[in-house]
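One chain, subunit A, appears in both complexes that follow, with subunit B as partner in the first and subunit C in the second.
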Partner chain A sequence: MEQLLVFIRKEFFHIFRDRRTLLILFGLPVVQLLLFGFALSNEVKNIRLMIADNAGDVSSQELIAKIRASRYFILEEQLADYSEIEQKLKAGAIKGALIFPAGFGNDLSGAVQLQLIADGSDPNIAKTMFNYLNSILADYRQSKTTSLPDYRIEPEIRLLYNEEGSGSLGFIPGLMALILMIVCTALTSVAVVKEKETGTMEVLLVSPFKPAYVLLAKAIPYLLLSLLNFTLIVAMALLVLNVEVKGSLFLLFATSTLFIITCLSFGLLISNVTSSQQTALLISLMGMMLPTLIFTGFLLPIENMPGILQLISNLVPSRWYYLITKAIMLKGLGIAYIWKETLVLSGMTVFLLGLAIKKFSIRLQ
Partner chain B sequence: MKILFYLLQKEFRQIRRDKSILAMMFVMPLVQLVILPLAMDFDVRHINLALVDHDHSTFSRQLISKIEASGYFKPVSYTSTYQDALKHIERGTADLILEIPSGFERNLVREKSQQLGVSADAINGVKAGIGGSYLAQVIADFNAGIRVQFNPAPPPAGTIMLTVSNWYNPLGAYKYNVVPGVLVLLLTLIGGYMAALNIVREKENGTIEQINVTPIRKWQFILGKLIPFWVIGLLVFTVGLAVSWAVYGIFPKGSILLLYLFAMVYLMAVLGFGLLISTYSDTQVQAMFVAFFFMSIFMLMSGFFTSTDSMPAWSRTISNLTPITHFIRVDRMIILKGSGFNEVQKELYYLIGFALILNGWAIRNYRKTH
Partner chain C sequence: MNEPVISCTGLTKRFGDFYAVDHITFDVYEGEIFGFLGANGAGKTTAMRMLCGLSLPTSGQARVAGFDVYTQTEAIKKNIGYMSQKFSLYENLTILENIEFYGGVYGVPRPELRARSRELVATLGLEREARKLVGELPLGWKQKLAFSVAVFHRPRIVFLDEPTGGVDPVTRRQFWDMIYEATTQGITVFVTTHYMDEAEYCNRITVMVDGRIEALDTPANLKKQHDAGNIEDVFYQLARQAKRTAD
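Presenting the complex of A and B:
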């Protein structure tokens, strides 16, 4: 036991000696969270739309004013033919063009057709633009028919968990999962292999120190640092991003500790099977980055993926952790709703840690 | 010149010798090129709907069957209380609750107006928004039907049809948007990580001292480090283009020459960036973490996942200050729209600027002695 403590102290010395790495370790996640928390959202806004009003009458102007009043578009009114529109689309100056037919106002009692030309090279914007315009049109039509005898059904829409309708709320637990996953895994992924590379492993192995202790002593300092880091991240989310933790803070910390251990185990596994820091870091940072981004589920909808990718997504720990934090932080739910996810994470941890210990060779090549 | 040649020979040998690195550079990017377009599909297709019908009337049943027939919604539960329906939202199995109050039909007939309760899980704002507006559409349709039913001869109401044509991508398939973006990501990963790591490794292992004491000049050493990755990057780009043509049927509409011109300049810019990181780091861990930090900014803010137009102004500025944003924009323009030199030349100047600044800064900062 005392041996272990001494060893842990040594590891801490190593970590604290490298001030620069420490600064990076604590500074970067915070900056990332703040930057992305403010900048990213799934919402589509500021769509540059060109309006070719060939009618130029009261009704068309009325409708255009309605479109302008919605906060989704930046309008550019200009009479243009197809070749001009094409030129602007090609140069990326506009995302679409809405064309009013001549005599729009006069035909309004019958059937009028508006044409939208969208830049399909960005399907998300094209589709959203169509949806926005469609609902503005429906509104406009409704306002024209209010003179009808009224049989009105009004849906009253309530936004649960997110009353202000903030577009980035769901991103915050996702970002936390992403940052923790990559930082924790990458940190420990060099822990063992560094000793191998610099030759100090030999010294450790010939000492009377138990091999399992080596792993444990490597993991514990990083666990503590990661917890500190996590606390910092949560504090930032609370204070700067104004996200409130609706559920139990204790539960959030408990599950986060579990997730951190999962990541540390994964990092140790990488460290034990690689032979250079370079390879370990390439796997844990460059290799893990995209899968984590894709499969955590906050950026891309997993339910739209092909079945095989959905299966793969189950193997990514951050996906489960994202579900857990979303439930605790944003929905305010208790353990009854997340025991399954917690169990999956526990299972992964046991498996990864077991494999890491098994792969820890006590003989050098 | 001869010295540079030998240096290049050494670098290529070292890269070739390390099979795991080689695999990382070629296999991983291609796997990502195949997987990402499959994974990125932002269509809102199945909105899971929990239904609570307190009324059990003809009207409420008609409304429900109309919603079911609309094709947008997948009813996941029919419960008798709001609390039970809320459980589905909490578990994440439902996105939307529609609550039809008791007296729905009676109120509608007598008082000519009635409210419906719709509750949306707004954590996923897009799904809540689209689900809510689809539901509103179906309800409005149902509403119009009722009006006709009670007013045999309603005054003709005009209809406005909105037809849409998606140029460059008539079916609105996401792969056209994603594949060119992934090509850029691959170049970024190779340029940004590999070069930085390679140089710091020599620092950490001490082999850089051996080079420093030789008459090799600063520029020779740096070029010796950059050229191999530049060549590898272009190779990966070529393979990537071939794969996107073979697997996804996406072939550049515009000039391939122009595309390569951009790729070459862009690679110089990201390699310069990698070099810059390496001059500031003492260890591989530091270099990788700093590289990761910037890579994540590059990726998440470049307009690859979310649109840059939707960002607040300050973050659009940050986004414009990263080279990747410009190359992703141009790459999509040339490959999908066939944009020509005139339309993209501004971006080329941006990229040349980035390449000059980043490399200049890195070379200035690189010292042979400590």
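Presenting the complex of A and C:
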């Protein structure tokens, strides 16, 4: 036992004296969280829209005020001719233009036309802009309709579990899966192989230190640091990104610990089958980053993938962890709803850890 | 010279149809400095690894410190020290931390560990460098430190695999003084080398050629048998028969 503690102490020395490791461990999560949380939002806001109000009457002004009131647009109002609109579109100064014809408000009950020109080179923004304007118009039309038509279907839309449709809220669980996967796997994958490279492993194998303890001593410091890291991520999500955790924090930590162990086992496995740090890092980064990004389900919906890829996604641990954290954080569900996912993750952990131990060769050649 | 601490009979290591070590038989006695000479690729390191429990023999018998290399490797490990060809201390740990780490791994109790680490640092004359990272030390010092660490837990036998590779002659001489010092404490030294002058420092030497032992005796006897002025000539006479090229 004391031998194990001596070894763990040594591992902490290694970690705290290596700036690169520390940077990956604590710098990467913060940067990623801020990037995804703020910069890489999938919402479209602040679209630059030019308004050419050729009518200048009460109705057109009312409508423009409504558009301005929404937080989606930045309006540029001026009486402009088409050539100027085109120039501004080309220059990228505006993403679209809304043109009111002369006499817009004269006869709203008749066929009134509004022209929307959008920059199609950004199809996502163009479509989103179109949808926003449509709903604003529908809203306006309704407020003007005095007599009720015979049938009126009014959909009342609610985004359950994420009422504001906040982008960062949806990203957090996925991001946690990604960060833990990358940090834990990459760092541990280097840990054992480094000692093989420097030749210290040979001396350790000749010593009476139990080989299984080598793996344990390598994993424990990273487990502790990853938990600290995870706490940091949750704290940042709560305080900086204003995400709230609906379910039990304890359950979140417990399942996250399980996922961290999964990642550590995977890292150890990589470390035990490779013989250089470069290979280990390459496998853990290239081999993990892409599948995690693709198959976790937070960037690309798994439901839209072809069957074979959906099957493959089942093999990616982060996919299950994502389902678990989403359920706990956003929906506030308890263990009764996520035991299946937890079980799958546990199974993967046992398998990976077993394989890692088996592949750890206690003899040379 | 009483009973053997290492004894092997017909010890063999085969990789495919290549005999890295080909039926070697010898005994090493307590307190001896036993030298293993051979060109690169002659099988010195492989033989040593089998004795340390790092590599499983293909056939033959061997006992180290009274324990069987097939079934009692754990017991063997408690009784030996090992210094590998590669420098094997942690560069980003200080001298004191390295000593305390390896001492701890070998199960030296904590209070004793602290006192003896300090003692060792003093003996080496490294008090001022004790808190410096090992990576900053010159190679000669590193090797001396590695040897001290290998015998720190007072093993019965210490295995040294080409310990003085790349070290200057003065430091090599000092290194051998440390080896003699260790033998006075009753530690048996098993050392591989390809420096012929070092062979003269050994009590007995074996010359390995192509995985086989071609000669085994005291340096004086070997020179007499081969009618040679020094060990280098003995070695050349024997090594000329080698068919294997260096790896």
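Just so we're on the same page, the second predicted complex is superposed on the first by the 253 of 365 C-alpha atoms of A that agree within 3 Å, B and C clash if a C-alpha of one lies under 4 Å from a C-alpha of the other, contacts with A are read in each partner's own complex, and residues count from 1 in each chain.
Definition applied: a contact is a pair of C-beta atoms (placed from the backbone, for glycine too) under 8 Å apart; a residue touches a chain by one contact, two chains touch by 3 or more.
From a predicted model like this one, the values you see are computed outputs, not experimental measurements.
Colleague: On the A-aligned overlay, A:206 touches which partner chain: subunit B = first, subunit C = second, or both, or neither?
Modeller: Second partner only.
Colleague: Using the superposition on chain A described above, determine whether A:2 touches subunit B (first), subunit C (second), both, or neither.
Modeller: In the superposition, A:2 contacts subunit C only.
Colleague: Who does A:143 touch here: subunit B (first), subunit C (second), both, or neither?
Modeller: In the superposition, A:143 touches no partner, neither subunit B nor subunit C.
Colleague: Quick check on the superposed pair: does A:106 touch subunit B, subunit C, both, or neither? Answer first, second, both or neither.
Modeller: neither
Colleague: Mind telling me which of the two, subunit B or subunit C, contacts the most residues of subunit A?
Modeller: After superposing on chain A, more of subunit A is contacted by B.
Colleague: Would you check which partner chain A:90 touches, where first means subunit B only, second means subunit C only, and both and neither mean what they say?
Modeller: Touch partner of A:90: subunit B, not subunit C.
Colleague: Regarding the shared-chain residue A:54, is it in contact with subunit B (first), subunit C (second), both, or neither?
Modeller: The answer is neither, since A:54 touches no partner chain.
Colleague: Which partner does A:18 reach: the first (subunit B), the second (subunit C), both, or neither?
Modeller: both
Colleague: Based on the A-chain superposition described above, do subunit B and subunit C contact any of the same residues on subunit A, and if so which?
Modeller: In the superposed arrangement, which is not itself an observed complex, subunit A uses residues 18 for both subunit B and subunit C.
Colleague: If you look only at subunit A, which of its residues touch subunit C in the complex?
Modeller: Answer in residue numbers: 2-3, 6-7, 9-10, 13-14, 17-18, 198-200, 202-209, 363-365.
Colleague: Which stretch or stretches of subunit B touch subunit A in the complex?
Modeller: 18, 20-21, 24, 28, 32, 35-36, 38-46, 89-92, 108, 112-130, 132-133, 135-137, 139-140, 142-143, 146-147, 150-151, 154-170, 172-174, 176-177, 185, 189, 193, 197, 201, 204, 281-286, 288-293, 295-297, 299-301, 305-307, 309-312, 315, 318-319, 329, 332-333, 336-340, 343
Colleague: Hey, which residues of subunit A end up touching subunit B in the complex?
Modeller: Touch residues, subunit A against subunit B: 18, 20-21, 24-25, 28, 31-32, 35-36, 38-48, 86, 89-92, 95, 107-127, 130-131, 133-135, 137-138, 140-142, 144-145, 147-163, 165-167, 169-170, 182-183, 186-187, 190, 274, 277-279, 281-283, 285-287, 289-290, 293-295, 299-301, 303-306, 309, 323, 326-327, 330-331, 333, 337.
Colleague: Give the list of subunit C residues in touch with subunit A in this complex.
Modeller: 15, 49, 52-56, 74, 77-78, 80, 82-93, 97, 100-102, 104-107, 110, 133, 159
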